[in-house]
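Letters A, B and C mark the chains as written, and numbering starts fresh at 1 in each.
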Amino acid sequence: MHALAADLFPFCRSITGDGVRATLARMSEEVPIEVHEVPTGTPVFDWTVPEEWNIREAWIKGPDGMEVVNFANHNLHVVGYSTAVHETMSLAELKPHLYSLPDQPELIPYRTSYYNRNWGFCLPHRQLEALGDGDYEVFIDATHGDGHLTYGELFIEGAECEEVLISCHGCHPSLANDNLAGAAVAVELARHLASEPRRLSYRFLFIPGTIGSITWLATNEEKIPNIRNGLVITCAGDAGPVSYKQTRDGNALIDRAMKLVFETSGDEFRIMEFHPYGYDERQFNSPGIKIPVGSLMRSQHGTFPEYHTSADNLDFIKPDRMVDTLEKATAAIEVLEHNARYVNLKPMGEPRLGKYGLYGGGGGQRKSDFSELALLWVLNQSDGSKDLLEIAERAGMPFRKILTAARSLEEAGLLRKEEG
Amino acid sequence: MHALAADLFPFCRSITGDGVRATLARMSEEVPIEVHEVPTGTPVFDWTVPEEWNIREAWIKGPDGMEVVNFANHNLHVVGYSTAVHETMSLAELKPHLYSLPDQPELIPYRTSYYNRNWGFCLPHRQLEALGDGDYEVFIDATHGDGHLTYGELFIEGAECEEVLISCHGCHPSLANDNLAGAAVAVELARHLASEPRRLSYRFLFIPGTIGSITWLATNEEKIPNIRNGLVITCAGDAGPVSYKQTRDGNALIDRAMKLVFETSGDEFRIMEFHPYGYDERQFNSPGIKIPVGSLMRSQHGTFPEYHTSADNLDFIKPDRMVDTLEKATAAIEVLEHNARYVNLKPMGEPRLGKYGLYGGGGGQRKSDFSELALLWVLNQSDGSKDLLEIAERAGMPFRKILTAARSLEEAGLLRKEEG
Amino acid sequence: MHALAADLFPFCRSITGDGVRATLARMSEEVPIEVHEVPTGTPVFDWTVPEEWNIREAWIKGPDGMEVVNFANHNLHVVGYSTAVHETMSLAELKPHLYSLPDQPELIPYRTSYYNRNWGFCLPHRQLEALGDGDYEVFIDATHGDGHLTYGELFIEGAECEEVLISCHGCHPSLANDNLAGAAVAVELARHLASEPRRLSYRFLFIPGTIGSITWLATNEEKIPNIRNGLVITCAGDAGPVSYKQTRDGNALIDRAMKLVFETSGDEFRIMEFHPYGYDERQFNSPGIKIPVGSLMRSQHGTFPEYHTSADNLDFIKPDRMVDTLEKATAAIEVLEHNARYVNLKPMGEPRLGKYGLYGGGGGQRKSDFSELALLWVLNQSDGSKDLLEIAERAGMPFRKILTAARSLEEAGLLRKEEG
């Protein structure tokens, strides 16, 4: 996953343009992503697909003719969606177009101006402060014009038409945790899901933030009713504890699955209530859409000092943390796949487990933590009113342990799966 | 408010009598209080309006003919509702009629004997201990007889007949926090409410404790159904943190409003569950009345050492604390006035706020605490099922911030207020 | 209670056999227990009543002809349900049949092998380690064969057919806390209940664990619907804080009663959620039976080092702790007996308690903890929707205090008990 993120890192992504296309092309080498192009001007709910932006070259030369900054060195140097410019101006005229972080003087900030036409450069504050008076030559070779909004989609069909949505924003340029790590985790998750038989269908979206989800929703309204649960995967690779932001109502299956996975993992974790700021979960959870989409991450956007700066680089994302994020997502999806109601077929007292080879043998043991405990939980709770997730929640046990118990009991003829 | 409390302090209030009349007369200079007189003997539910008590003079002279205590110096010196007496008696005969506080030997306690006819004096324990043997002359010039129970009422009519009740007990003599501070806050609240357009109607009661609320309820039963929320204001001026005692069921609008106001104030506060001891909220919340009346206070009765002693004087109540109590009450009433359900008219994804001048401009900001957050909360939650109070509770934001967001969105045509 | 436990201690109990009969015979001297015998082979749900086991003699003699262990010294020395054996064997052949506790080298463990035919001895680890090579003579004079499962039952009829079940397992040999203490508490509880008029009926079971409750349930199915609450009493005498394990759904009357008793006792306590491991509550709470049976104990099985060892002896159980367990059980049963809904007959405001002799007299007291508080709670909450238990829970007062208040108000004509 880290290698894929490294390959994607240099591309200059934005909400439109060739950087997005290059990114999707590289990801398509891993999994069969379908690339969609939506024309500029397409009305999408309250929005309109914007003009496509492409940039080829950008730099500032100082009074001495030396380059001050060059887009070729780091694509954060140019404010996203900057207009073309080629002028010579005084430092005073230039300064309103320069962005830096006084509190983090070595870092380049990330800035965009999608809907107000403007141009600008981002640079370390220390470099900004060192600029002397004189004439500066400013050059941006960028185009705005009719084109397309480009996004990737990957549909993995299951036995049922009920879908799980996995969405990653792919509009940020060279920022690793936000969100190449998320995209890399999603690609691996897709590969894993495609490799196994599955009950549910899965839809992966690799889209620009906000306008991308709005565009997809507006052009795929007929698909919305089948999507019952979803995850935005973002900031998936930093060293912070794994975190989950709940869906709008906080009681979707994905919310309960993720909570159980976190609580039974033994790892530090954080669960946050829904709030209407963040990534594309804002759009999926809007009152007219109401797809319950949670957000899986490590550190939350805006809460780590590297956020939206040149310090969010490939060193900032850790291979083992991406693996951990992937495992947590996989475990939660296992719950969605296999949760079901079972009915105890010998509900009068406990069955004699020894008859079925399900008993460890020997009474009077000294341990209160009996290994058949999952069997006993499933037998006790399976009166048809509770599903395996509820049993696992109540038992405080990993879902897999409860699922294994249910399957053992089913094989022994002690349990029957309820349909529907 | 402190000045009004100071003017009212010297009057000798009780559950009936001229002290109450003088108090209401002085308050009527501030707001147009209507004074009601209910005759002695009027049956009021399980009670009867008692005889009116008036006192003119009371003192004890010692064996040396010098005054030991004199009602003219402090009206706490006489037990409320004391009968007339003029006798000479030994110290041993006198002592059962003397009340003091051994643990607070400098303070005069507050005592009453409304329903057992008796007489008594209250004095500092140190003074009691210093009394020598000999004959004491005791004199109380007081009358019990047919008269009236006097109370004040102020009705501020709103656009709707739904009422909010504000009640203060006014039966305590020279005790400042309990409850001249409450009365002063209520007077200012009434003045404020009368000065603005309002949806709801407000009914203020200035009544003697227990018998006053029972009398009002028994003689105004037809008004009860319109009263949907209420507040007893008491002990409103001491330096303790602001406190709220919930209504009987704890889920009235006033309970939620007060909780939100407290929680979003940044101030220390305390919320107590309902319990059937306290002031007139006991009567309003009785099972046959069921008006949800909470109680707004600072320190709770009986929990501060100055309670029901001469130390509950004008120094004990703080002008800034009375202002704070008033502001909290006003903020809670703002919730009652303006709470409503709104419907998002562009519910598919988020509307593009920039189109309506509602967006700060510029993506990629570094702050997670976005200033448009209230707009986003209102948009996200306004599916017609949630009102502004629920949204503010969930967002953890002051009601006014959510209300302002709703009004901005309504002006932009993005939100519609639901009727009823 | 300790004396009864001491008398019962030496008998070699198991899930069947003469030790159980001797135990029940001794208990029958205290209360009129009815002894039931269920024949071997009787099908009981998924189980079958096992062969009866009786043991007369058992020992191991070492290479020097000296006794290594002898059942006559401690009945824990023989694994429960050991088959007969008389052989001479090397230490290596013997060792798989010897059980000890390496971490508690001075104690004899308790072991059984009910459903796998085998034989074995239990002994202190220190003794096991000291055994030298050579030939050991092993002798167990025990029989397995058709016989009976023996249990005791005591039914105390009340005015209503609704029953409370009290169950104790009686299948453990010389283990005092597990469960002679529980049996002794149950016997005293039965004696107490039989001595007073009662509304409810009580059914006490003294049964072997698991197979006993399954046998009783399978052979008494028609009695199940009348049983609405129950308690397993176990580990009732150790020095640990009193503990309660909830019923399957955790919301039965017995759960709420026990919680109130604990919370208002001022004693340290522990309440555990239901889990499907433990004693016979597992069977009673199974999904086909659904009798809400909680478990009253002090330390939980498996959590104290003396558990299932020879250290669980008569010194380990404390007379005062058994009394405390009994008192808690009695108090909870008082709730079951007397909980009822009452209706306030003077619900408009508070009645004037003084008229009925229910008021302490004198207003203006300085204490916030008013002694008539229970009266006020009952009056305030008795609108017909809440029962005394709910009122006591809300008031945080002992049930008896609320019950006393209700009865006083009923006598005064202020309250009426609701039927049904």
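Remarks
By definition in this document, a contact is a pair of C-beta atoms (placed from the backbone, for glycine too) under 8 Å apart; a residue touches a chain by one contact, two chains touch by 3 or more.
All of these numbers come straight from a predicted model, not from anything done at the bench.
A turn of 120° superposes the CA atoms of subunit B on those of subunit C, with the angle given to the nearest 5.
For the pair subunit A and subunit C, the fraction of shared interface numbers is less than half, so the two copies use mostly different residues to meet. Distance between subunit A and subunit C, defined via averaged C-alpha coordinates, is recorded as 53 Å. Residues of subunit C found to touch two or more other chains are absent.
By the touch criterion given at the top, residues 45-47, 80, 101, 109-116, 210, 213-214, 217-218, 248, 273, 275-277, 282-283, 285-290, 300-303, 307-308 of subunit B touch subunit C in their complex.
Interface residues of subunit A, counted against subunit C in their complex, comprise 344, 346-352, 354-355, 361-370, 373, 376-377, 379-383, 394-395.
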